[in-house]
Structure formats: C-alpha cells, structure tokens
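Chain naming follows the written order as A, B, C and D, and within any one chain the residues start at number 1.
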Amino acid sequence: MTLIGAELSTVEAGVIEIRLPFRSDLTQQDGFLHAGIITTIADSAAGYAAYTMMPAASRVLSVEFKVNLMRPARGETFVARAEVVKSGRTLSVVRADVFAISGKGEKEVVATMQGTMMCLV
Amino acid sequence: MTLIGAELSTVEAGVIEIRLPFRSDLTQQDGFLHAGIITTIADSAAGYAAYTMMPAASRVLSVEFKVNLMRPARGETFVARAEVVKSGRTLSVVRADVFAISGKGEKEVVATMQGTMMCLV
Amino acid sequence: MTLIGAELSTVEAGVIEIRLPFRSDLTQQDGFLHAGIITTIADSAAGYAAYTMMPAASRVLSVEFKVNLMRPARGETFVARAEVVKSGRTLSVVRADVFAISGKGEKEVVATMQGTMMCLV
Amino acid sequence: MTLIGAELSTVEAGVIEIRLPFRSDLTQQDGFLHAGIITTIADSAAGYAAYTMMPAASRVLSVEFKVNLMRPARGETFVARAEVVKSGRTLSVVRADVFAISGKGEKEVVATMQGTMMCLV
C-alpha cells in the first residue's frame, strides 16, 4: 500500500474504502492503471472489510478472488470499495468495486471483485 | 513490471514466464509477497502468453481472472508461468501458476490463476 | 430449465429472476440443492439478464462465471436474481444472487455469482 | 448425478473422472449441453477428487468455483476430469476439465474449472 501510495479512506463494520491517486508508474502498456494494481487495492479493501467482522486476535488471509475488468482504468484517483456479503466463522465472502474518478469528479466503475477471505485465530 | 523489478524469462508460442526477485516493499502485513503483486506477475504472464498467439497488429486486454492463493508466498525469487489453454479469435483462456523459489532452489507453487484475455484488432 | 422445473418470474431491462421449487432429486449427498443446480439457475438468469440489453437478432453465450456457495441451500423455493453490472457491445458483466425461501417465507442468500456473457450477432 | 445419468469412471488418489452420456433434455437453447450441467459434473468430480485426500470421517463442501466455457459442448459423451492442485487440512484447490467426445472418439476440451473445496470433520 505504501509503495503504490494508497490509503484507507473509509472504515465501517463490513465496509472499507481505499483511495489511490494516479501515478504513471502504475500503468500498463496503454497508460491505464495496471490490472495488478487494481487487484491490489481491491484485495486489500476486501481483506480489511472481512477483518472488521472478525475477532480481535485473529488474522485475515485471502483465499481466492475473481476480478472482472470492465473499462480502461483512467482517472485522477481510484477508489476500491469492499463490502462483506457473508461473514462466517472461518470463511467470508466479500465483493469489491473499483471506481475511477476523473478530474471533474465523475465516477465510473472500472472493475469488480468477488472473493473469499479466511479468518485465522 | 519495471516498478516491481519483474522481467520476462521465457517466451514461447503460448507460454510465458516472468521472474520477480523478492523485495521487502512488495510484502503484506506478514512479510509474504502481497496477493496484488502475485496477481500482477500472473496477469502479465497470462496476457503475454495469449498475445503470442494473436495477429501482429493486435492488442491484448485482460477481461477477467480468478486467483487461488494456496501457500504463503515466501521465497527469494518468484516465477509466474502462464500457458494458453484455448486461443480463440476474440477470447483466449489462460492458466498461470506462480512459484516461490527458495535460496536453496526449492520450488513450490503458491498461487494459480485462470483467466480470459481479449484480442483487440 | 424444464427438466428441473424452473421458471422465469421477473423480466426487466437488465434484471431477471428465475424461480425453482425444491425437489429431492436435485439435491447432493446432504439433502441440500446441488451446487450444479444452483449454478444452472444463476447462469440462466445471468444470461437472460444480459440478453435483455442486447440487440434483437443477437444470441447470448456464457463466457465464464464464478460462484461462491455461502450457506447450505435448504428451502421450499429457490430464486436466482441476476443484474447486469456492465453491458458492453461484445461482453457484459452480470452478478446473480441465489436465495432460499423457507415455508414461512424467510429469505436467505445461499450463493452469489459473478460472470461474463457474450453477445453473438 | 442420477437425475442426469452421470457416473464415476475413474477413481484415484486426487483424481476423479465422471462420465455423462448426451441427453437432449440437458441442453440449452442451441442444442449444446447446458453450462449448469457442465458445472454439475465438473463440481462433482472436483468435490470427489478433493475428498479422496481427506480423512475417512470427513465431509466435503464446495466453497466456490470458476468455470470458463471454451467451446460449444456438443458430443455423444462428456467427461469431467478433476485433479487436486493443493490438498490442505481445511481447504483444497482443484482443477477440472470437461471434455466432449464425439461418436468417432474425438476428444475436445469444452470447459475448465478452478475451485476450492472444504473439509468438514
């Protein structure tokens, strides 16, 4: 998160937002945010979101996730918003959307993730 | 790829390997390679692998991928090896495994990806 | 759909619901609705939902989907509700939830799907 | 499995094959095997494959799976072949391919699955 310049912007029970300002060294060959970076912020948001519902002494681990890249990720800021769909004792299912926000404040969803997080106690 | 220090190590028709030396700023909270970085090299390898089967003037786009994280990603080097399962005119299906290689040369699969790449002409 | 006794219950632009009454021959070893049947109604709802946004002469094809099974699928009726997240010229992304409804009318989400549908013209 | 006429054809440690003869009531609108049926045999094979590596008194549960449908599923027989990629104490990762076999014995992969199975003790 530090390496790419991302930061937590919302923390609620079961909901996390991570904000990432655009940086040209995070892009792929066409100048859009790289799919791996999109996944990094989506997965981090998803993990933290699941973690907000877990016992205090536990740790969270990503089991798996699936990402659909829906539009070229171009914008001045990117926001990954994760929401817990089902919080279980061992496994949780989380959904995360990644939005691109233009200089004029226009917001467009560019990717969506569905994944499984594990609680380790 | 440049940002994280990854490089192409194998290029064949339908097969690509990308190699990434360990760096502590690419880890998550427990010191293992971050899932987003694992995905970055797997997705890049998958995209290039699909691209080796596409017409010269085309571009390749990741449509979606799914990653299972199977073991803590600890090692001195990481290798993402992608192989095309089905190369279609518009869509290709690619599988990629990510291996962790220890200082002693022991190799262990830490993640596996299944994804869809699109050919744009 | 006929084989398993499922029927369309809602048809709107970008939204489809399919309803399936419980039948004991659609269960797995523990008496819950089989994951394959859950997927059948979710995928059908997802395909139809994408299709409602496509040109009249086109056909729809499932490219891929990912399903999380979140609770044992026990109930008197099951409903798959699909909603289009992004409708594109060639590819559409659809999300579908499958709910179990008890005899008393209690509704619980048992599975969630994220998938890609293709428009063939 | 009984409803659709599928049967186990191979059982080894970590490997399962399920065989399904074509039946016209298992097809979708174009006459090909329905994606839900493909998933049913792939998921069953994947679950059994994981189960061959689990302790005797345990049960197996599908956590999630992702399926890529790569070719129209037309054939006289269909075979789902599942192989365990990583067998863990709680979670296992399994890959399954579904093949269509023509009357002349030609074999073509039509779908591929990557999924997570859970061991309940």
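We adopt the following convention: a contact is a pair of C-beta atoms (placed from the backbone, for glycine too) under 8 Å apart; a residue touches a chain by one contact, two chains touch by 3 or more.
Everything numeric in this text was worked out from a predicted model, so none of it was measured.
**Q** Rounded to the nearest 5 degrees, what is the angle of the rotation relating the C-alpha atoms of chain A to those of chain B?
**A** 180
**Q** Going by the average position of its CA atoms, which chain sits the greatest distance from chain C?
**A** Max centre-to-centre separation from chain C belongs to B.
**Q** Measure off the straight-line distance from the CA centroid of chain C to the CA centroid of chain D, and report it in whole Å.
**A** One centre to the other, that is 20 Å.
**Q** Between chain B and chain D, what's the gap in Å when you average each chain's C-alpha atoms?
**A** Result: the chain centres lie 26 Å from each other.
**Q** Touching two or more other chains, which residues of chain D qualify?
**A** 63-64, 66, 68, 116
**Q** Taking the touch rule as given, give the residues of chain B at its contact with chain C in the complex, in rising order.
**A** 63-64, 66, 90-91, 116, 118
**Q** Applying the document's contact rule, which stretches of chain C touch chain A when the two form their complex?
**A** Per the touch definition, chain C meets chain A at residues 66, 68, 70-71, 85-86, 88, 93, 95, 109, 112, 114, 116.
**Q** Tell me, which parts of chain B touch chain A in their complex?
**A** Residues 2-3, 25-26, 29-30, 34-37, 39-41, 43-44, 59, 61-69 of chain B touch chain A in their complex.
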